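When the chains are written out, they are named A, B, C and D in that same order, and each has its own residue count from 1.
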Amino acid sequence: MNVGFIGLGTMGRAMAGQLVAAGHRVQVWNRSPEPVKQLVEQGAVAAGSIAEVLGNEVVLSMLADDKAFTTLLLDEQLLAGATAEVHVNMATVSPALAVRAAELHQRHGIGYVAAPVLGRPDVAAAGNLNILAAGPEALVDRVAPLFEAIGRHTYRLGEQPQSANLAKISANFMIFSAVEAFAEAAALAEAGGLAASDLLEVITGTIFPGPVYAGYGGQIAADRYEPAGFRLDLALKDVNLALEAGTDNRVPLPLAGLLRDNLLDNLAHGEGHLDGAALGRTARRRANLDGRQA
Amino acid sequence: MNVGFIGLGTMGRAMAGQLVAAGHRVQVWNRSPEPVKQLVEQGAVAAGSIAEVLGNEVVLSMLADDKAFTTLLLDEQLLAGATAEVHVNMATVSPALAVRAAELHQRHGIGYVAAPVLGRPDVAAAGNLNILAAGPEALVDRVAPLFEAIGRHTYRLGEQPQSANLAKISANFMIFSAVEAFAEAAALAEAGGLAASDLLEVITGTIFPGPVYAGYGGQIAADRYEPAGFRLDLALKDVNLALEAGTDNRVPLPLAGLLRDNLLDNLAHGEGHLDGAALGRTARRRANLDGRQA
Amino acid sequence: MNVGFIGLGTMGRAMAGQLVAAGHRVQVWNRSPEPVKQLVEQGAVAAGSIAEVLGNEVVLSMLADDKAFTTLLLDEQLLAGATAEVHVNMATVSPALAVRAAELHQRHGIGYVAAPVLGRPDVAAAGNLNILAAGPEALVDRVAPLFEAIGRHTYRLGEQPQSANLAKISANFMIFSAVEAFAEAAALAEAGGLAASDLLEVITGTIFPGPVYAGYGGQIAADRYEPAGFRLDLALKDVNLALEAGTDNRVPLPLAGLLRDNLLDNLAHGEGHLDGAALGRTARRRANLDGRQA
Amino acid sequence: MNVGFIGLGTMGRAMAGQLVAAGHRVQVWNRSPEPVKQLVEQGAVAAGSIAEVLGNEVVLSMLADDKAFTTLLLDEQLLAGATAEVHVNMATVSPALAVRAAELHQRHGIGYVAAPVLGRPDVAAAGNLNILAAGPEALVDRVAPLFEAIGRHTYRLGEQPQSANLAKISANFMIFSAVEAFAEAAALAEAGGLAASDLLEVITGTIFPGPVYAGYGGQIAADRYEPAGFRLDLALKDVNLALEAGTDNRVPLPLAGLLRDNLLDNLAHGEGHLDGAALGRTARRRANLDGRQA
C-alpha cells in the first residue's frame, strides 16, 4: 500500500519503521529533518511537504497534541487538495477534535479514522502496540493491514472516531488513578512503618498483576523517577483531556480533578520532566516523609 | 496442633474448616450457635466460652471489626487467665488496634500476630487465601503450618503486627480506588457514546489484567450490583480505616476521602447492601446518565 | 470626554448609561441593535462599526468572554487603524488573555487597562460597582473620571493589567466557595434535623455578615434558584478561568476543582439556567434529602 | 441562681467570671487547681468534686471535647446522685454525643440543654459570646438569665439538643472553608504577581465584610500564624466532628474532606500549634511559592 506518515517523534518513528519493514511504501514527513533521514535509511521515502504526503492512498499521522494536529492538518485548503482515501489519526487527541476533524475531512471527501495506541516506544518498536480504532467500518477494514504491521491487537470501538479517543484518554486517566492510589497507600505504609516495596510485593502478587502497578509502583517504592518512560507533564496533558471531555459531556470526574491538582503540585516543584510515577513525590511531600526523623 | 478459633462468620467458617481438614484439633466459638454446629459436624470441638478457647496453644480469631474484637477479646481479666502461646488476629482491624492489642497481650505473656487475609469466602473455602502476616518471627514460624492450611501464600511483613493491618487496609483502599477510576471512566465513556463494556474490554485486555478490574468493572459495565460479593457498607468501613490510619500517621489521603464521599452518596440512596462496585451508581447518578434518555 | 463603549449586555448597558448621565459623549456599539437604540434614546451616539468606536479617545469594552473579546477586538488590522489612547477592558476574562491583549495593544500604540467589576446589573444601574483596575498608572489616572461615573470605588491593583483579572476571578471563586460551604452545611443540618434557615440566621447574624452568605444562602435555605441573579453556567465559566490560571501558574486549586465537579453535576441535571446558588441542589441530591421520608 | 460550673479552661474561666459578675452564686470545679483559685478570688465557691457541683440547681459545663465530657460526666452513678434540674453543655461536642447525653440525663431526671458558643476567649471575657441553644423550651427559658450574663445574643434552635451542636460544627466548618478559599486564592494571586494583601483589601471591602475573612485572611496575607487564636489541631478536631456527623447522617461533605487533607498536611509539617489560618501554609507549600524565588 502507498502510505503517508506524518509526525516522526519517538512513537511515530517506531510505527513508520514497522510499516516499512512490513513491505509498504511509506512516504514520511516531519517538522525536523533528522528522523526523516533515519526512516529513509530504513527504506522510506522523504516527502517535500505535508501536501505531498496527502497524495498517498492512506495517510497516518502521529502528532504531539491537539494544537500540532490543528495547526498542521486542519486546513481547508490543504484538505481540499488532498487525494488520500483515508486519514488515520493515531495521536492522543481530544474527542472534540476528532469530531471536528471527521467533519472537515468528510467535507473534502477524505475518510477519517481515529486510532490512538496503548504502549510506550519500546512496545512500538517491537510492533506490539494495542490499537484502539474507531471510524466507518469499511475504512477500518481498509487500513487493517497497516494496523497488523504496527500492533498486536486492534480493538474496534464503533463507527464514531471520537470513541477511540475517549477510550484512550480513559485508559490514561485510569493509569494515573492507579499510580495515585499506590502513591497514597505507599505514603501511608511508610509513615506507619511498612516498606512501600513490601506493600508493592503484596498487591502485585495478589490483586493487581500487570505492568501498571509493577512498573509505576516500582518507581514509587524506589522513589526514583528517571529516566522518564512517560513524562509527568504529558500525564497532566492527558488528564486535562479527560477533564475537558468531562466538561463537554457534563460528567463530573472528581478523581481526574484530584490527579490534576497533584500533578500541578509536581510541576510547581519543577518535576515535570520526571516520570508520571512522580505523583509519588507529591504524596511523600504532603506527608513530609523526607522531613520525618528516622 | 491444638487450635482455638473465635468468630465463625462466612470467612471464619471456611478458614476453620480448612484447619479441621488439615488434621488439626480445632476448638471453636461463635456468638450464634448455628455455625458452631456446622463446624462440629466437620470435626471441630465446641467451646463453652471464649476463655475456654484461650486455653489452646494457638488461637485464631476472625471477628467483624474493631468493636467486636475490643468487646470480646481486649479484656484484662480474660487475657490474664489465658494460657495460649499466641493469638493470631486475622480480621481487618485498624493498625491502632493492633498496637493496643499487642501491648495488652504482651502484658499477659501471650504472643500476638496480625494476619489479615486477601480473598473472598469462595477463595477461603478453597484454602487459597493470601495471608498478610506480621509479628515476632518465631511466632509467625510457630503458626506457619496453620497458614499453610488456610492460604496459598503468606506474605511476611515484619515484626510489628500493625504492618499487616496497614497492608490489608491499603490493599482494600486500592481496590476501591480502581473501582472509582473505572466508574468515572465508564460514565464518561457512556456519556460520550462509547459502551462501558467496550472500554472494559480494552483495559482488561491490555493494561489492567487481573480480577479487580474484570470483576468490579464487569458489574459496572452491566450496572448490576447484586448479589454483593463485598458489600458497599463494608467497603466504607475499610475506607474509614484507611482514613483513620492516615490521621494517626498524619498522611493526607485525598483519594480515600473521595471514596468516602462517593460511598456516602451510595448510602444516602439506600445502596449500602449492594456490592462495592456500586460506586458506579454514584458516578452514573452524578452524570445523570439514566436521566439522559431522549 | 469622548468615550467609545463596546458591548451592551445587561451590565454594559447600565455602565454606558452611567457614562451618558455623567455628561460624557458616548459612542456605542453592540452586536444586536436593540440595546444601541436604548442607549441612543438616553443620549448616546450609535457607531457604525467597532473600528469607528476605536476612534474615540478612550474606549471601554464589556464583552461576554475571552472568545468574544478575541474575535471582535484582538485583530491586528483593526488595532493598527485605531486612534484611541486607551482601551479599558471591563469584562471578566482570563489573566492570560490580558497579557496577550496588553502586548498587542502596545504594539499598536494603544494603552490597555484591565478593569473588571464586582456587582450585579442592579448595582451597575445605580452606579455602585466596585472596580478592580490595573494597568499603567497614568492610564488609570486618565480614565478615573469614567470609573467615578460607573462605580463607587476603584481598587488599584498595580501596573500589570492581568492582576485585576486575577483579583476578579479570585473573588468569584471565593463567592462560589462560600456557596458550596453553606450548601454542604445546610444539607448536613437538614439531614440532622436543623432547618437550613435557622443555620443561616446564626451564621449571617454572627460570623458571616454581608451579601454573599445572606443572598446565596437564602436561596439555598428556600431551595429556590429562580430567577437567576448570576447563572450557574456562568459560575462554571468563572471557576474554569480560575482553574486555567492555576494551571498557567502551576498552583493546585483543589477547592476550585471541587466546585467544577459539583457545577457539572448541576449541568448534567439541566440546571445551568438556575442561579449559581443551585450548588445547593447538588448537595441536596447527593445526600438524597428529597428522597428521605419525613 | 445557684450555679455549678465544670471546666475552667480559657473559655470556661471567662464565662464563669461573667456569671459571678452578674451576681450569681457560682460553684466551680476544674481538673487542675489554679483556675479554681482565680475564680474564687473573683467571688466563686470551690467545689470538692464534680458530684458536689451537680447539687446546684443549674450546672454549666465547658469541657475540651467528647472524650473529656464522656469520661467526667457521662457516668450512671454520678448522674443518679445528682439533684440539678438542668445541665447545660456549652462545649463543642458531636451531635451524636448530645443525643446520648440527653438520653442519659433524662433517665436520671435531669434536663439537658446544648448551648455551644461562637466567640474566642476575648469575646467571652467581654460577655459578648453568641450562644447557640437547643433543648426543651422550658429549660432554655430557665437558664436564659445565665445566657444573658455570658453572651450578647442567644439563638434558639429548637427542642433537640443536638441541633445546637450541628449548628456549631457547621459554623466552624464554614469558617475553615472560607480560610481555605482565601488560602487558595492568595496562592494563585501571588503566583500571578498580585499581592495577597491587595486581594484581601478588595474582598473585605466589597463582598466579604466581617471578622472571618479580615482576621484569618490577614494572617494568610502576612504569612504569620502566631500567636494562635484558634489552634490548627483544634480546627482539625472540629472538621472531623463535621465529617463524623456527615457519616452518621449519610451526607457527603467533600469540602470538609478537603479541609481534613490540607490540615493533615499542616500537621505532617509540624504546624498543629499554629493558628488555623495556617491552611495558607499548605496552599503556599503546594504551589511552592517560597521556592520560586529566583
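Everything that follows uses one rule, which is that contacts are C-beta pairs under 8 Å (C-beta built on N, C-alpha and C of every residue); 3 or more make two chains touch, one makes a residue touch a chain.
Since the structure is predicted, the reported quantities are computational estimates derived from the model, not experimental observations.
Novice: Show which chains lie in contact with chain A and also with chain D.
Specialist: B, C
Novice: Same residues or different residues where chain C meets chain D? The copies count as same if more than half of the interface numbers are shared.
Specialist: Counting which numbers both chains contribute, over half are shared, so the two copies meet through the same residues.
Novice: Between chain B and chain C, what's the gap in Å when you average each chain's C-alpha atoms?
Specialist: Result: the chain centres lie 52 Å from each other.
Novice: Taking each chain's centre as its mean C-alpha position, how far apart are chain B and chain D in Å?
Specialist: 38
Novice: Can you list the residues of chain B that touch 2 or more other chains?
Specialist: Within chain B, the residues that touch at least two other chains are 246, 250-254, 258, 261-262, 265, 268, 286-288.
Novice: Tell me, which parts of chain C touch chain A in their complex?
Specialist: 240, 246-247, 250-254, 257-258, 260-262, 264-265, 267-268
Novice: Flag every residue of chain C that touches chain B in the complex, lowest number first.
Specialist: Within the complex, chain C touches chain B at residues 254, 261, 265, 268-270, 286-288, 291.
Novice: State the interface residues of chain D toward chain C in the complex, per the touch definition above.
Specialist: 95, 118, 130, 132, 153, 155, 157-158, 160, 162-163, 166-167, 170-171, 173-175, 177-178, 180-182, 184-185, 187-189, 191-194, 198-199, 201-203, 205-212, 242, 245-246, 248-256, 258, 261-262, 286-288
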